[in-house]
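Across the two complexes that follow, subunit A remains constant while its partner is subunit B and subsequently subunit C.
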Partner chain A sequence: MARKRVDLDRRTVLKGAAAGAAATIFAPNIVAAQSKVVRIGMPTILSGRVAQLGTSSRNAVQMEVEKINAAGGLAGRQIEMVIRDSKGQPQEAARVSRELVNSDGCEILLDAEASSGSFAVQEVAKDLGVLVMHTNSETSSLTADPKIRIPLAFRSCRQGIHDAVASGAYAAEIAKAKKLNRWGTCSPDYAYGRDNTQLFVEYLKHFYPQAEVTTEAWPKLFQPDYTEVITRVLQSKPQALYSALWGGDLTSWVDQANIYALFSQMEVFAINMADYTALTAVKNLPKGIHSATRYIKTYPATKANAEWGDAYRARFKEYPTNWSWENWVGINFIAEAAKKANSADGKKIAEAMRGLKIDCPFGTDGTVTMRADDQTVIGYAIGWGTTIPQEPYVPEVKGATWDTILQLEAEWKKRNNYT
Partner chain B sequence: MNLAALTDCLTSASCLVTQTTSGLIIGMLLFLVAAGLTLIFGVLKVVNFTHGSFYMLGAYLALTVNGLTDSYFLAVLAAAAGVGLFALVFERFFMSKVYGSNVLMQLLVCYAFILILDDAVKIIWGPEFKSMGMATVFQKPPLFIAGGIVPVFYLFLIIVTLILSLVLWLIITRTKFGTVVRAAAVNPSMVSALGINTGLVYSGVFVLGGMLAGLAGGLAAPVRSLTAGMGFSILIESFIVTVIGGMGSIAGALLGSIMIGLVRSFGSIGFPLFVEGLMFLLMAIILILKPSGLLGKEG
Partner chain C sequence: MMATRPNLVRDVAIAAVALIILLLLPYVWPSKMVNDLIIRVSAFALFATSLNLLVGYTGMVSFGHGMFFGFGAYAFGLSMQRLGVSIPMAFLITVVSSALLGLVVGAISIRLKDIYFSFITLAFQMLLYSTVIAWVPLTGGDQGLMGGIPRPPFLGIDLSIEAHRYAFAVTIMVIGLLILRQIVESPFGYTLRMIRDNSERATFLGINVFRAKLTAFVIAGVFGAIGGMVMALFVSGAYPEFVNWTMSGEGIFMIMLGGLSTFVGPAAGALILSLLNDVITRGTEHHGLFLGAVILLFALGLRKGVTDFVADWFRLRREASSRSGS
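Let's turn to the complex of A and B:
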């Protein structure tokens, strides 16, 4: 029998020796570090036009991590957040995420990116096999589409399809009561604006088939002057107008539409109005704009929600945003799942998280659930109401019904071959 | 494309009034920024890429002064004066060092200041967007002229800008300073040989250009979302205006601004999904037919 010969050249020996030395030097530190802290990497937007959202995500996580660590951390290991700025660029989000895992030793990713960045982070998580919690991406396909979904990726924020059903149902009810048949739309001309508006119109017509869209306006993202868009909408004289504008674009548009008295000429449904970033920025907020709640401390009208909103404000001198509560949900799901699994291991946390229900100030019934089949959160509070120019800004909120949302979401998934 | 809607609009008095005034207001605010840009280029032969940042600075200064004094008019004046002062420092200590250098060097200096000013705004006023709010005097219902809607505030802006255009024209064509400026634009060596301090003339022109941008920022602040980086989009449109009107021509900038305003206004009715494209198409056509711009000097 021939004996297999093992060739050892100089390079192989040197490589082996180097690896051995590295293992001897660094292994004890790694073991010691693992037993002490668990690092969670957080790519988010800390500079640029939407930096406020990234900052508010960081703030919310910071507040919660302190509580979780005080209660023992993740299965006995203290959490150490490693937060990096992606500047809102998908390629940077991917690069930063890879670095967080490979160089900074993060074992879990808390992805506080906008949708475009989240898809990039999802690819990194898939490649490196780490647990990722998407805390801000509302694009439904991220977790709904089985071709995109991965076992270690979860979502802790609202989802486009849920919003669309809730919005369509609310708007249809107003439309029926006021006979609003002629509709216009004015939304930013990029993926979110287009998808959100198309879904809203679909469900508005589902609940109120008489509704007809007679005019569409698609201003550019970050457009400074909306004059021609506003006058075009006024010329077409719709009875109601839907807008998915957000942030500074929305406040600019409101200021400019205000001087054309647009709000007295039609019912306006601006889905992103009821977030403190926009509500507090507009100096002459018109009364009676219909809006979905993004984050307001009065909805859900619970003590826990109000206390959290006040605590955040007391600490950071401003109100939380939509992204703040979504990050609260993300980090708390990780903590509760780690408790259930009695482990800080990403795979074990993922297993424990599927179907997990946790107490939450932002849930319709005080809880939210991580749905097992598509690993996305359900049961969070979605409501619509009309604005007033001072606090509480949206005094009466009509909550959406989750039974209807889930039923129509299932049909939507079927239509899109997601099930 | 909706040509039927455009035809309906062109034959309807109410639509004509609304769209024409909206086109004028878009154009007039653009003109104030573009006029400074083209004036600086015409005399100094420098493309001031920081001009959009001057506009941003004007808007933020107006926000602060308005907050302190509750007076929109004081806020606008402070915006013009403050940006003029900043432009003086910027020109004396930085831009004057790169006059005559290649465009790349000028571009680098300007780009550095765009980044510095954006960050300075974030440090001083915060990273989140701000809204100044409408002055009480303009919180009035819009006027209805021939069925068309004309906001009172926009009417004020159009009148103010037209007066400023007239004043600017008088300064350039009827004053000694204007004569020297025009001479320096054509032959700076000869102006210098006549004993005139061209450095002072250059500073004066740069300050005037900066004041116009600051004024535009202050005037527009009540209807704009204030955020770091807000100068960038207006800079691009101002460049389109200066290219259409002819680099260095103030009258060309006025013509170009009004054309862009009207194209945006009526284009949104007939070609709602191609409004941006229409602007660039207009620029391309003019560049093909007259490469120096409508009122620019050849070669």
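Let's turn to the complex of A and C:
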């Protein structure tokens, strides 16, 4: 059979290629059966140094979306997640978020960005008028400061001020019992490290006024060698040391401090230690480091939490992270609010979400609440305990009291003219 | 001077046509994504073209041009947030302050040549970056300028409306590029080319090379800062990444992709890099690998930017037609 030869001149090919490229690049997917599916856009960090946190956020959301969809989705509409990498850059987070709404037809944003990205996404949500759930930004001002807060933005994760009160109270109790008066600090030199440490010291002194900071070390973010920092701390001989180092920085620091036997010479309080990513990465995890829980399946010590941690591990071959549970809370708040509002409309979901209480494996009493006045989550589990070198890593955790947290948070807000 | 007159008319005509096309585009192709892309490309086009004034026209390979882009974003954002001035006033503050920054950094840097010049500009950029990170009460540190940049209306323009923002960005870009074009086509522009090709010769002809280079550095800085200002308006914030060395790297990539021997090369590079970034980020998390491969292809394989090929093609066609005509 003779083949028919198709004549294509250069112009036709070029035109076709241009049209094809334009269609691929700019095709508005908004038409994708809008009535059936509700698209939720999720900008997060999937590449670079903290990619593991972004991936663990995505994993948690995928697990939950499957369950929510099996139970009928958002008011009868199935959820379709559109997840994009922001590379941890705020301007990319802004661009990707705009693209998710404007071009991919996402009606809701689940913002799984670190702090700086979340402020950029907040501006996009303000501009475009879409519902946004910030799932990872711990910076208190995002929801506390009325100048920054917007009606359609919510937060489903822990925040700095809650952590600081809980940490100060716990550390003060140990300090009182062991007469730890001379304190040192060693935290990364950027906004989070400085804010976190300053607030910790403030609440440590609030609960134990005898505490005094005699040495401060501020290693650079992502610093590879901590020798100078460690020797400086050792020379000043504090009785206790507080650190807000996190992730790879924390594990490198612990490994290097081990060489100098730092952990046998003082009580160490490392707020970000009790997260599996850090606990499993340290070569020889010292016994007795005090840490706040980030995510640990033994706290809250409930069946629901342990089962969720195991299910996650069975599926993804690693433990969940701090960001995982925070995203669980975010997507489930959206689902429960949609159920209450019987609608997948962002504004109606927002209305239903204010003051909503949902069952949650990560709540101190099995529930968490979306506080109505500043649209941020409260009642999640915060506790402190000490490490052991093997599973369960932090066997006993002392939970913080939310009454104290809320009372001191209210005073803090007043001091900052947030109320 | 007389010789530049016809070119001026032609350039203004081209700029006017380009501006009309860009302004009409949202009506012909109403896509918010395309609008967003063009706003970002407007910012990057000013940034890359101003960098090319140094790299392509003067032969000064600055590795620290991102400093001006970031400075522009912060200066504009801070003026709007802290001083509560109008947008034209904030624009003026940005232009004047970036010119001063260019003057100080330039006066120190351009005394050095080649790689030393490149590195001292990079050092200044990292100094500014560290300052932005460390000066938390003013800049917000690593979290950037939070809470959004206010956009009060002025002269009937309300930049909180997307259509106005788009029109503003493309107008600024077209006017900015037109001014830069006039600079590179002026006797001063040809002086810069002479300095690039043979600075001793320029000195012997009585040109104050230092002053010419410094002027170019300041002009490039100001237009780089205007690019940053457009970006700050788009994202309603300013972030340390704008001041980081990676921004300077992207500027160099844009020039390489688009081509440094044509005036519109860097702007074309800005469009190509933004498109590549957007398309690749959509498809894969390994965007660094793909983007790197494309840049390697240009650097090692093609050894020219896209507009260089277009320019060559036109030149060959012209030569062929003049041969056949003779």
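Note that the second predicted complex is superposed on the first by the 387 of 419 C-alpha atoms of A that agree within 3 Å, B and C clash if a C-alpha of one lies under 4 Å from a C-alpha of the other, contacts with A are read in each partner's own complex, and residues count from 1 in each chain.
Here is the rule we use: a contact is a pair of C-beta atoms (placed from the backbone, for glycine too) under 8 Å apart; a residue touches a chain by one contact, two chains touch by 3 or more.
All of these numbers come straight from a predicted model, not from anything done at the bench.
Participant: Aligned on subunit A, subunit B and subunit C: do they clash or fit?
Facilitator: The answer is fit.
Participant: Applying the touch criterion given at the start, work out whether A:Glu216 contacts subunit B, subunit C, both or neither, answering first, second, both or neither.
Facilitator: First partner only.
Participant: Figure out whether A:Glu391 sits in contact with subunit B (first) or subunit C (second), or with both, or with neither.
Facilitator: So A:Glu391 meets neither subunit B nor subunit C here.
Participant: Scan A:Glu173 for contacts with subunit B and subunit C and give back first, second, both or neither.
Facilitator: After superposing on A, A:Glu173 lies clear of both subunit B and subunit C.
Participant: In the superposed arrangement, does A:Thr227 touch subunit B (first), subunit C (second), both or neither?
Facilitator: first
Participant: On the A-aligned overlay, A:Ser47 touches which partner chain: subunit B = first, subunit C = second, or both, or neither?
Facilitator: In the superposed model, A:Ser47 contacts both subunit B and subunit C.
Participant: If you stack the two complexes on chain A, which partner ends up touching A:Ala281: first (subunit B), second (subunit C), both, or neither?
Facilitator: After superposing on A, A:Ala281 lies in contact with subunit B but is clear of subunit C.
Participant: Have a look at where A:Asp255 lands relative to subunit B and subunit C in the superposition and call it first, second, both or neither.
Facilitator: The answer is first: A:Asp255 touches subunit B but not subunit C.
Participant: First (subunit B), second (subunit C), both or neither: which does A:Glu80 touch?
Facilitator: Neither subunit B nor subunit C is touched by A:Glu80.
Participant: Working from the superposed arrangement, determine the closest approach of subunit B to subunit C, counting only CA atoms, in whole Å.
Facilitator: 5 Å.
Participant: From the superposed pair, tell me which subunit A residues show up as contacts to subunit B and also as contacts to subunit C.
Facilitator: 47, 51
Participant: Considering only the defined contacts, which subunit A positions touch subunit B in the complex?
Facilitator: Residues of subunit A touching subunit B: 47-49, 51-52, 55, 216-218, 220, 222-225, 227-232, 234-236, 247-249, 251-252, 255-256, 258-261, 277, 281-284, 318.
Participant: Which bits of subunit B are touching subunit A when the two form their complex?
Facilitator: Subunit B residues touching subunit A: 5, 9, 15, 18-19, 22-23, 25-26, 29, 122, 127-134, 138-139, 141-142, 149, 151-154, 222-225, 227-230, 233-234, 264-265, 267-269, 272-273, 275-276.
Participant: Across the complex, what residues on subunit A touch subunit C?
Facilitator: Counting only subunit A, the residues touching subunit C are 24-26, 28, 46-47, 51, 84-85, 87, 89-92, 94-96, 98-99, 102-103, 115-116, 119-120, 122-123, 126-127, 139, 141, 145, 147-148, 189-192, 194, 221.
Participant: In their complex, what parts of subunit C are in touch with subunit A?
Facilitator: Per the stated touch rule, the residues are 31-34, 36, 40, 133-134, 136, 140-144, 146-148, 160, 162, 231, 234-237, 239-242, 275, 278-279, 281-282, 285-288.
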